[in-house]
Amino acid sequence: MGILEVKGVNKRFGGLQALGDVNLSVTENSVHAIIGPNGAGKSTLLNCLVGKLIPDTGSVMFNGQSVLGRKPHEINQMGISRVFQTPEIFGDLTVLENVLIPCFARRDGAFSMHAFETVGQERDMLDEAMQMLEDMNMADKRDMHAASMSRGDKRRLEMAMCLVQQPRLLLLDEPTAGMSRADTNNTIELLKQIKGKRDITMAIIEHDMHVVFSLADRITVLAQGSPLVEDTPENIKGHPKVREAYLGESA
Amino acid sequence: MDAILLQTLNGLDKGSAYALIALGLTLIFGTLGVVNFAHGALFMVGAFCAVTVSRLLTLSYTVIDETRTDFLGNPMKVDMPYLKSWLGETVGGTIIDWSVPLAILFTIPVMLVLGYAMERGLIKHFYKRPHADQILVTFGLAIVLQELIKHYFGANPIPTPAPPMLTGSFDFGALVGMDPNQVIYPYWRLVYFLFSAAIIGAVFAFLQFTTFGMVVRAGMADRETVGLLGINIDRRFTIMFGIAAAVAGLAGTMYAPIISPNYHMGMDFLVLSFVVVVVGGMGSLPGAVLAGFLLGVLESFSSMNEIKNILPGIDQIIIYLVAIVILLTRPRGLMGRKGVMEE
Amino acid sequence: MLGLEKKDATLLLVVIALALAAPILLNPFPTESAMAQFNAGYPDLMQKFAIYGIFAIGFNILFGLTGYLSFGHAAFLGVGSYSAVWMFKLLSMNVIPALVLAVLVSSLFALVIGYISLRRSGIYFSILTLAFAQMSFNLAYSVLTPITNGETGLQLSLDDPRILGISQTADGGIPLTSLFGLAMRDSVAVKLGGWSFEFSVGYYVCAILMLVCFYLAMRIFRSPFGLMLRAVKTNQTRLNYTGLNSRPYTLAAFVISGMYAGLAGGLLAAMDPLAGAERMQWTASGEVVLMTILGGAGTLFGPVLGAGFIKYFENIFSKINDSVLQNWFGFLPDGVENVVLWVVEHFVGPGWHLTLGLLFMLVVIFLPGGLMEGGQRIAGLLRGKRKSGGDGGGDDPEYHPGQTPHVAE
Amino acid sequence: MSKSNLTRRGVLRTGAVAGAGLAMPTFFSAGSASAFVNDPGNGPVTLGFNVPQTGPYADEGADELRAYQLAVEHLNGGGDGGMLNTFSSKALQGNGINGHKVEFVTGDTQTKSDAARASAQSMIQKDGAIMITGGSSSGVAIAVQGLCQEAGVIFMAGLTHSNDTTGKDKKANGFRHFFNAYQSAAALAPVLASRYGKDRKFYMLTADYTWGWTQAASMKAFMEDQGWTMVEDVRTPLSATDFSSYMTEVQTSGADVLILNHYGGNMVNSLTNAVQFGLKDKTVNGKQFEIVVPLYSRLMAAGAGEAVKGILGSTNWHWSLQDEGSKAFVKSFGTKYGFPPSQAAHTCYVQTLLYADAVTRANSFNPCDVVAALEGFEFDGLGNGPTLYRADDHQCFKDVLVVQGKQNPESQFDLLEVVEKTPVDKVMYAPDNEFFAGGDLGTCNPGA
């Protein structure tokens, strides 16, 4: 029984079958990659996992509870954090404030009226956020305007914001899309470090094979909205169907 | 039945003014991404173009008429328009009578220049600024325009009649085969409706069938791509601003015989036309026109006694009520595109 | 101090000092001098400064922090005024119950209107709030006249059934609004040389409430709650994917700012027991937007400054008439005087709207951060090159130069 | 300038000594300075002219302001003296008010009660005005009247036509020279009945706010007394600019008279629309269709242009009147400004004179003395013939003019002609008349 269980998920947009009978199981503490060519339904699947879309049929269970019909913030509160293709951060706030917000979200839940304490008095939260920044080697940037940082730093900040919530599952949506080879390698290193330091489950949606094969424990290949095959990276590399459907074109 | 027909006519008439203003607002918003709070003021300036032309045509010299006395008992000073003394009573008089339609020729260049100057001198610097700044600066401009007009034309409405031929009313009911004397409708309002329809048609045709229009439409959809093609989209957008101003100005000029122009008529129309634009869907030209007519007709029907007796005060709030219902049920307005003016 | 950081504590102390000394600071010119025209230190105007300051501070909690631009906040001001006057009519002339009811009723209104309007964002939100406010205004002016007294405005009369108080004073007048016997109209005038200063009870009641509101706003700005509101403004998507529900945050901000507006409306009625429908008109809502942006949206002190500016213009510039001008420029030779008069006449008296319009344009064009930004720039110039970034002004957390994504969208 | 000092205890007395080193501050406490607010002492007296300078009534406000400036000039002995020479009371000598030179301050009401009160407050608190006058709408007049009562200064209302000003909202410190909706209806009804016949069906469009309602109620009562029947009374939003949809209802209603209870921009637009829809040329029930505008304003009527021709209405005063007072006023106003005064200008000028005269006769600026001097005061020579300031409600009673839009105007000012003067006894009513009941003057308030 995996921490995330997707069973028989279907999703149609008009005449287009975006997802057809998707089954997926992500084991706790593993890194599970979902790959597939453009239009394979990766993003649709992700949106179904985070509550942005509701599948027509099927179930998505996280840690034994259904996520269907829940809003994004509720799903996050269940323990799923998400990293976006382009880093989504609070551009107008400082780096430290960016990390503080998930700290508060974890402690106080989806809504709380802590309108009378100043942020400066919340020593625990500040310590925790600073600790996270130090872990991510960003402590020196704490007072920077988040919007004014480099793209790599923004990605790093976004990771920090997700990790400080101590999620049980981290969803990464093409974390290296549009990055240079060097940045991509840095990101891979970062993810490896993260994985090395704590128990965390990751689901990565990616089409860069280099990233996938460097990180993943298991890989699901999607094609035309349905899982083609699911296996370990070694087996996937040699799988004929996969080569035909995907790798063949790019290899 | 005749009441319903009449109210529909009224509604279309009201709606055509809303539609024209909303059309210009949407053009500006769709092309330039600017929320123009001065658009009502442009409508007002258009109306005062009609007043100006009528004043210019009646520029006069004074003749002392010894046979009559003025209110102080002095010999009466009588104004004699130059036109009448040059061209004679009939020709001069006719030209003066036709000052409102003639004003169109004056309004178009004035509004194009005003629009062009506004865009180049002011709006241009606000493309990258938040919408709140755009609203504030154009609102400031609207106040300035309106106060200047007030300073020179006064606060009272100024009667600006339509040509005598078109002032009366006619039996619309008899025309469409109903009992005579049941549906009487003023000529000028029909003229206004037809004029608006023509302008709306012209704008759509212009956007649909000219290269210029095609580029502008492409730019509305995706500004960056068009820019990449090496087309100077900004320049075309500037011209579009001029055209939008001219549309608002023409709407105002032709409206002058219906409502005597006054300096605050722009503000009276501003809020309504924004509601129209939003109900139609931000950035959708057909939406703006549709919503304009729709709200005009609804407003007319809500002032019928039968309806007012059931819901007292409904004519006071109908527009806003409709706006709320539509925005809650159709988040992007009637014909709005996804993503426009959302986060 | 009071749980504030040093910088904020200093700001608060400065504002307290300014507010308490306002009767003196706003009357800088001797009473008999020609410049006395520009004195603003009389009770009514000072009360307006404080009251509209409260209104703008509250509006800023919504707009400055979350970026949601409400075009209907005047409705809450109006509702507050009506509630307060009804309290004076029915219960007691004491301002406390009136203010309490004003805040309660306006918060209820804000809850309902906010709950519906906040289902949409951007300009759709603005239009929804505008629509609600215009409906309130139109109805208050006409159909709801039994409650609002329509055009004339709700006033006290000699036969009000005041439960805890008297309907008429012994000499047949309407009793005054008061705070436990201290009448709002009471004041002390002090003559000092050529100067005259008037210290009014009403003003100090307003000023103290304004200071309390300012302090509360400061706490909100610096609190985790305030942080969330600023997060709403900069990126709602991220906020939702961080496990936070933005709707209750915005609704809370909306209701809080509605309560501020209600308090302001109640205070208007407490100072001058009348509530007119035009207090709810969209132009009145526009005014608070202008105040906030003119002063500097998102800054703590800006809205108060903006409110003061606009009320000053409305009350001082409009009163400069021809004979005053002739007084000032009488020394000039006739021809020159006429030219000067012709120019100046455009901008004062009936032309004060023009001046205000131009001022808005200039501020928005050259000082996007409002008057606060102007102040910071001047301060920066004065400090000269001694400082180049680093701490202090450089990364003032209050000032967001970046594009605010869903302001008015 | 000495200011009012209303404290009941010397709250700040201990703090007073803090001003050491500076000139010793002077404190005032109740009773020490004067018995009433803004006592001019030995100096000049300040009057506050509170008129709409912005907003739709700005032109009317500007005309009021001209009249006030003229009145001040005449009071101070300048100009030709205007109606000072024809006024039946000879107390005014052209030496200011009771020997005090007259100064004035102006303010902008914006035709909003809040702004009007703020402006009046500033005149009272800052400029030391002892009397406030002006205004061009009833909402503002009633709001400012209430304020003046509280503050303890005299309010001489400008153009305000609602019954409520001297009805349910009357105040001891407030006085109205202008006529009211009830008197308009009373004056118009017999004229309408004699001209248009007894058997008429009328339809009313009414501005949906207090003034409109009082006007409509008065018209209904009086026309039904004349045997007319009302088809419908339809309320129109104040913000309406296009009345076409209401005209449509009139067309199909079967009524043969349309009464427009509108004022200002509403009146201009509704009348223009009515004529556009051919109502003036219509024949219904075999009778010529007629339009009536109960309250005319010449300034506003100009905005309707040709549409006013032949339309009956009432007005407080018109410049074409030939009595000595009117002639004198038109002459000095016209000479100074180049055009004839409006009824708003006239009532404002007269109110200023009446106040000055009352102060002089009472030999006191104390509002309570002024009230006593004005109550029950009978005068003549101010353009309306013999007039009474009734003590019970502070309303002036005088003849009411029924006017008609002129068919062949000789100049741009020559829009209306007086067709009938309804004598004062026809427009007189008891103070407790149902249209005016419910209010209470209270007692005069001197402020201190």
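Think of it as A, B, C and D in the order they're written, each chain with its own count starting at 1.
Everything below uses one rule, namely that a residue touches a chain if its C-beta (ideal position, glycine included) is under 8 Å from a C-beta of that chain, and two chains touch if they have at least 3 such contacts.
Only a predicted model underlies this, so the values are computations on that prediction, with no experimental measurement involved.
Asker: Along the shortest chain of touching chains, how many steps lie between subunit A and subunit D?
Answerer: Minimal hop count between subunit A and subunit D: 2.
Asker: Taking the touch definition from the top, what connected groups remain once subunit C is excluded?
Answerer: Leaving out subunit C in thought, the network of contacts falls apart into A | B, D.
Asker: Give the chain pair that accounts for the most C-beta pairs in contact.
Answerer: C-D
Asker: By C-alpha centroids, what is the most central chain here?
Answerer: Taking the mean of all protein C-alpha atoms as reference, the closest chain is C.
Asker: Find the geometric centre of each of subunit B and subunit C from their Cα atoms only, then give the gap between the two centres in Å, rounded to an integer.
Answerer: For subunit B versus subunit C, the centre distance works out to 34 Å.
Asker: Between subunit A and subunit B, what's the gap in Å when you average each chain's C-alpha atoms?
Answerer: 52
Asker: Calculate how many whole Å lie between the centre of subunit C and the centre of subunit D, each centre taken as the average of the chain's C-alpha atoms.
Answerer: Centre-to-centre distance between subunit C and subunit D: 33 Å.
Asker: Determine the centre-to-centre distance between subunit A and subunit C, using the mean Cα coordinates as centres, and give it in whole Å.
Answerer: From the centre of subunit A to the centre of subunit C is 46 Å.
Asker: What are the residues of subunit D that contact at least two other chains?
Answerer: In subunit D, residues 54, 58, 208, 235, 237, 239 touch at least two other chains, as defined above.
Asker: Taking each residue of subunit C in turn, which ones touch at least two of the other chains?
Answerer: 138, 142-143, 237, 353, 404
Asker: Can you list the residues of subunit B that touch 2 or more other chains?
Answerer: Expected reply: 313, 316.
Asker: Which pairs of chains touch one another in this structure?
Answerer: A-C, B-C, B-D, C-D
Asker: Considering only the defined contacts, which subunit B positions touch subunit C in the complex?
Answerer: 35, 122, 125, 128-137, 139-144, 146-148, 151, 267, 271, 274-275, 278, 282, 312-313, 316-317, 320-321, 323-324, 327-328, 331-332, 341-343
Asker: If you look only at subunit C, which of its residues touch subunit B in the complex?
Answerer: Subunit C reaches subunit B through residues 69, 116, 119-124, 127-128, 130-132, 134-135, 138-139, 142-143, 236-237, 282-283, 286, 289-290, 293, 297, 346, 351, 353-354, 356-361, 364-365, 368, 403-409.
Asker: Within their complex, state which residues of subunit C touch subunit A.
Answerer: The touching residues are 3-5, 219-220, 222-228, 230-231, 233-235, 237-246, 248-249, 252, 395, 397, 400, 402, 404.
Asker: Enumerate the contact residues on subunit D facing subunit B in the complex.
Answerer: Subunit D residues touching subunit B: 54-60, 208, 232, 234-237, 239-242, 244-246, 248-249, 251-252, 265, 268-269, 272-273, 276-278, 281-282, 299-300, 302-307, 319-320, 330-331, 334-335, 340, 410-411, 413-414.
Asker: Which of the residues in subunit D end up touching subunit C in this complex?
Answerer: Touch residues, subunit D against subunit C: 1, 3-8, 10-12, 16, 19, 22-23, 25-29, 53-54, 58, 62, 65, 69, 104-108, 112-115, 117-119, 121-122, 125-126, 137-139, 142-143, 146-147, 149-151, 162, 164, 168-169, 208-211, 213, 235, 237-239, 439-440, 442-443, 445.
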